[in-house]
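Two complexes come next, and they have one chain in common, chain A, joined by chain B in the first and chain C in the second.
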Partner chain A sequence: MLIQTLVTGLAIGGIYALMAVGYSLVFSILNFSNFAYGSIIMLGAYVGYYLLMKAGLPLAVSVAGSVMGAAFLCYLNERMAYSTLRKRNAASLYFMISAMGTAIFLENLVYATIGSRFYAFPEIITQQNITFWGASIGVLDVFAIVFSFTAIYMLHYFLQHSRVGIAIRAASYDMQVCQLNGVNITRLVGWVFLLAGALAGLSGMFLGMKYMVYPTMGWITNKAYIAAVIGGLGSLPGAVVGGLILGVLETLVSTYVSSVIRDVFSFSLLVVLLLVLPTGLFGKYLEEKV
Partner chain B sequence: MRTKWLALSLAWVFAVTLAGCGSSQSSGDADVIRIGQAVALTGDSSMWGQAEKNALEMEVEKINAKGGVLGKKLKLIAYDTRADATEAVNVTKRLLGEGVVGIIGPGQSGVAIAMSSVTEPGKVPLIATTATNPKVTMDDKTSKVRKYSFRTCFIDPFQGTVAAQFAAKELKARTAAVIYDVGSDYSAWLGKYFIAEFERQGLKVVANEAFRSGELDFRAILGKVKEAGPDVLFIPTMQKEAALVMKQSADLGIKARFLGGDGWGSPDLITLGGSAVEGAYFVNLASLDDPDIQNFIKDYKEKYHQDPILPNPVMAIDGLYALIDAITRANSTDPVKIAEQLEKTKDLPVLSGKLTIDPVTHDPLNKPAVIQEVKDGKFIFKAKFVTQ
Partner chain C sequence: MLSYISGIITFSLIYVIAAVGLAIFTGFTGLFSLGHAAFFAIGAYTAGILTYFYDVNFWLALASGGAMSGLVGILIGYPTLKAKLRSDYFAIATLGFGEAVRVLLENLEITQGARGLPGIPAETTLPVAAGVTVIVLWVARNFVHSRYGRAAVAVREDFVAAEMMGINLFQVRLLSLVFSAICGGVAGGLFAHYVSFIQPSMFTSYLSTQLTASVVAGGMGSITGPAVATVIFIAIPEVLRVASMWRLVAYGLLLVAIMVFRPQGLLGFRELSWAGVKRWLTLGKAAGQGRG
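After this line comes the complex of A and B, so read on.
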């Protein structure tokens, strides 16, 4: 049973990790939690669903469409809700209020236009499981984990080796100095939101396939936020490790204590971590990250 | 400092707007009879809620076309509860403020119980549609019947008993596991009644696991179910959770037969659960292939171009007929007199058959339960049980 619990925990943690990376990416540059991210994930799932079911496109094209669609929406989200605040040098509190407003706006927009029905992806990836050492895992989960980590690795490579990536990393240390050195911050922030949005589209597809597509599905990103805090907000490797740790811990609590108190545990962990270890496991500097 | 205050006040304005401040209008014209409907038009249960509202609108139109009731037209006032107890209490106060003679709905037990805290002192009859928990019409503190609460559906002990007997006799189960939603009165109690009857048959419940409302991933608790290896897994939840539980059971390689209650009765169960729900059984209030309701289904399809999502619309129309019958017999629109007559409802022809209200419990007597099976992506009629 312990092996089964660990395997399940890693499968859940993999999805948390993917979302947490998107969160952390935005945080590392703008120093605020983009609570609208969950809604972008939700919209990404709807885009993927429509491309696959209504437009009848193949799965790979739909995934690509969902990634591009969510990236575009995330970019639009920054343009409309945050860019003016950014130019005014507003405090991060304003960004967060704006983000929450956007999240609720988008959710209700979907309620009002598409409706509250649940949609499920058809069983393209067969409902089969792989069994080893007495533990089982769905084929889709294995696929999701491999795909997520490939995407995260590609992002990592991009940040380490491309010009834009280097600029993003520089801006995450000090945006003003970076700007003084001739980096176009508006374009850079646009890039960050595009990348975060692309990950949101991928997460949305996996969440939709694993669970279902509905207007409030984005709230699961609360967990991604906790995962990002565990790893240290703003740190990408931290977000991955944080996601996996949270997934495994939650599954252990659900299995050996009670599934009812799982969220009590997760959010207590968030509060305790912010008090005791505000930089998380991989956080860089203390005052500005939390 | 100034900016901080500004931000705080902004947040406050935001919160107030979210909470929504509804004001009640005063009722003017006397030649209409106002009938309230408290129903989930948005949120997880909205699929049934919308169908419920559609069905009542259609019936009210028909009745008004025939001249209405007591020479007055009926006016349906439907408000959204979002299947949320707090919201429903607000909505109920608003309906009472608008002078309704009775309220039809809600479909959720927890919501109905919360609403009775307004309708009992307000002395307005409340007819719940698919709220199957006994506490909807019985107050546990005083163990007396709630004078103004009624319902048109069967109750959970009966449904739990049917499910347990079906598991024991038809499915030949020796062991069972239960997974229930701890945040829903419906789910928690239905699970308990199933366990009580299953154990009364001398059989064993090997796992009883709770989850919180809104849960998406059940694999942690399913790991425990897998370890216990039951013959039957009873899932007394709504269709969304049930479909996810069954899908994830397949991921873990759980071999048990699945069994559920009337919360499953939506075509969604199949689209959401896919091949994982094949061969599952559930107890329901009504079935699309029931010959008694074919006319209703035909009219509904003509008007709304889709199948009604059963059983809520049927139960709501039963409630409307019962209310109209009581108004007619009382020859009055006084809610107190209507409630007195509702209690005496006997052999009233309604959509689902004949309705007799038990004056002691305010539950319908002899209400049939249907067992349906999921087969080739369809709900197939399997067996019928009658309360006694």
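After this line comes the complex of A and C, so read on.
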């Protein structure tokens, strides 16, 4: 029972970590909370579902399609909703409002056109189990763990070793100095949103398989924000660790206490954490930059 | 027909009260609340439970709703504002707070869970709503022109400079949050006694969104702007009978469009006044745009 809970917790935590990394990536560059991220995840899940079920493509191709689709949508989101604000040097409040507007728009557009129906992936993918030390473990959970960590590692490698990655890391310290050194900021921000969108597509696909696909599924990114706060806003290793901690704790609470208070628990954890450890585990941003 | 029109006006006024509250908070301190529906819900449930189960006087119940909401505002504001955290933390915390309140309402005994409270006495009439609105607008205006209101504006513009001038950041932010929570609570109480049936699903993020959209569209740093925007947002879709999901699609688009094209909103940092309207009419549109 405990092993099973831990594996489920790690799987959820891995998905939280994926979302939290994508969210933190944008935060570390543009210094605002991208509330539209959840709706990009939701659209990624819809893209994946349509490719798999309606177009009849194999699962691997659908996942790839979902990743690419979400990356493109995330890029488009930046171009349409944030780039003008960025050029105007607007305060982060304006970015947040614009992000929230995008989230409301996309979510309700799906609601009004596709409908509020819940779409489930076929059981052959979602319901397979393997027995391991007497515990029944979902194959999907194992896949979620493996794929989230592979994706996060790939992102880490990219940020450490590629030219664009180095520029992104430099910009997260100081955008202006980075620009003075000849980095094309518009292209750089485009890259950041593409990467964040790719992670959104992957996490959307796993979320869809685990909990079905529906218009408000993006609300789960609230957990990613909490995970990012646990790890420290803007810190990528923090986002991974925070995601895992939150996933395991939540699963433990819903297994041993009650699933109703699971969400209340997460949000209370957030408030308590703000009091005790406001910088999070690896945070560098406590107060607003001047 | 007359009762239909007065119904829409009453409804709009209830939301005006809540929006003015949010305008004081978001517009004047620059912090962003994503869970304002929770204050509305707390006010609605407190007032509703008092009149429904305990036969308390309507006005007393309304005041209790506001007080309870203000108290919860202190509870949520104290830890989140105390540490002078980034506004992002605050927005995320309010988001969680809104959800937590809804989950609690769905699972408490006294709120009768998801079934809601049917048959609350319908005490809110047009004169009642109008009277409360006038009081709230008057208090809000005085608040903005008071020492605290001016301090709040300073905090919004540059909180580091404001703090160096000796303004207590925490005090100013908490005070405007509590004021805004009380407004939300009173509006909720009026709402409960207007529709006479409340259930937790009425107080979702839809409501928070609507309030935020009114404040942003009306213009941050203004009281009359959000009030006008609220009336427009409530009355027009109501009259045109637009399906609620398309309203939200439009709100979302509007929020982005305002941020991209006119971040100051309808009446950003200005107030609607008779002198202003007259000047605008005589000088034509150019003068109005010139100041924007």
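Operating definition for what follows: the second predicted complex is superposed on the first by the 281 of 290 C-alpha atoms of A that agree within 3 Å, B and C clash if a C-alpha of one lies under 4 Å from a C-alpha of the other, contacts with A are read in each partner's own complex, and residues count from 1 in each chain.
Rule of thumb we're sticking to: a residue touches a chain if its C-beta (ideal position, glycine included) is under 8 Å from a C-beta of that chain, and two chains touch if they have at least 3 such contacts.
Keep in mind it's a predicted model, so treat the numbers as computed, not measured.
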### Message
In the overlaid three-chain picture, which partner chain does A:34 touch, first (chain B) or second (chain C), both, or neither?
### Response
neither
### Message
With both complexes overlaid on chain A, does A:263 touch chain B (first), chain C (second), both or neither?
### Response
both
### Task
Scan A:94 for contacts with chain B and chain C and give back first, second, both or neither.
both
### Message
Between chain B and chain C, whom does A:271 touch in the aligned arrangement: first, second, both, or neither?
### Response
second
### Task
Please work out whether A:24 is in contact with chain B alone, chain C alone, both, or neither, and reply first, second, both or neither.
neither
### Message
Quick check for you: in the superposed arrangement, does A:211 touch first (chain B), second (chain C), both or neither?
### Response
first
### Message
A:148 in the overlay: touching chain B, chain C, both, or neither? Say first, second, both or neither.
### Response
neither
### Query
Should A:172 be classified as contacting the first partner (chain B), the second (chain C), both, or neither?
neither
#### Entry: Touching partner for A:136 - first (chain B), second (chain C), both, neither
first
### Contact residues common to both interfaces of chain A (with chain B and with chain C)
91, 93-94, 97, 100-101, 104, 111, 260, 263
### Of chain A, residues touching chain B in the complex
1, 4-5, 8-9, 11-12, 91, 93-94, 97, 100-101, 104, 111, 115-120, 122-123, 127, 129, 131, 136-138, 141, 211-212, 219-220, 250-251, 254-255, 258-260, 262-263
### Contact set on chain B toward chain A in their complex
3-4, 7, 10-11, 14, 18, 42-44, 46-47, 182, 209-212, 214-221, 223-224, 226-227, 240, 243-244, 247-248, 250-253, 268, 271-276
### Message
Applying the document's contact rule, which stretches of chain C touch chain A when the two form their complex?
### Response
30, 32, 34, 76, 79-80, 82-89, 91-93, 95-97, 99-100, 103-104, 107, 159-160, 209, 212, 216, 243, 245-246, 248-249, 251-260, 263
### Query
Of all residues in chain A, which touch chain C in the complex?
27, 32-33, 35, 80-81, 84-85, 90-98, 100-109, 111-112, 222, 225-226, 229, 233, 260-261, 263-264, 266-268, 270-271, 274-275, 278, 285-288, 290
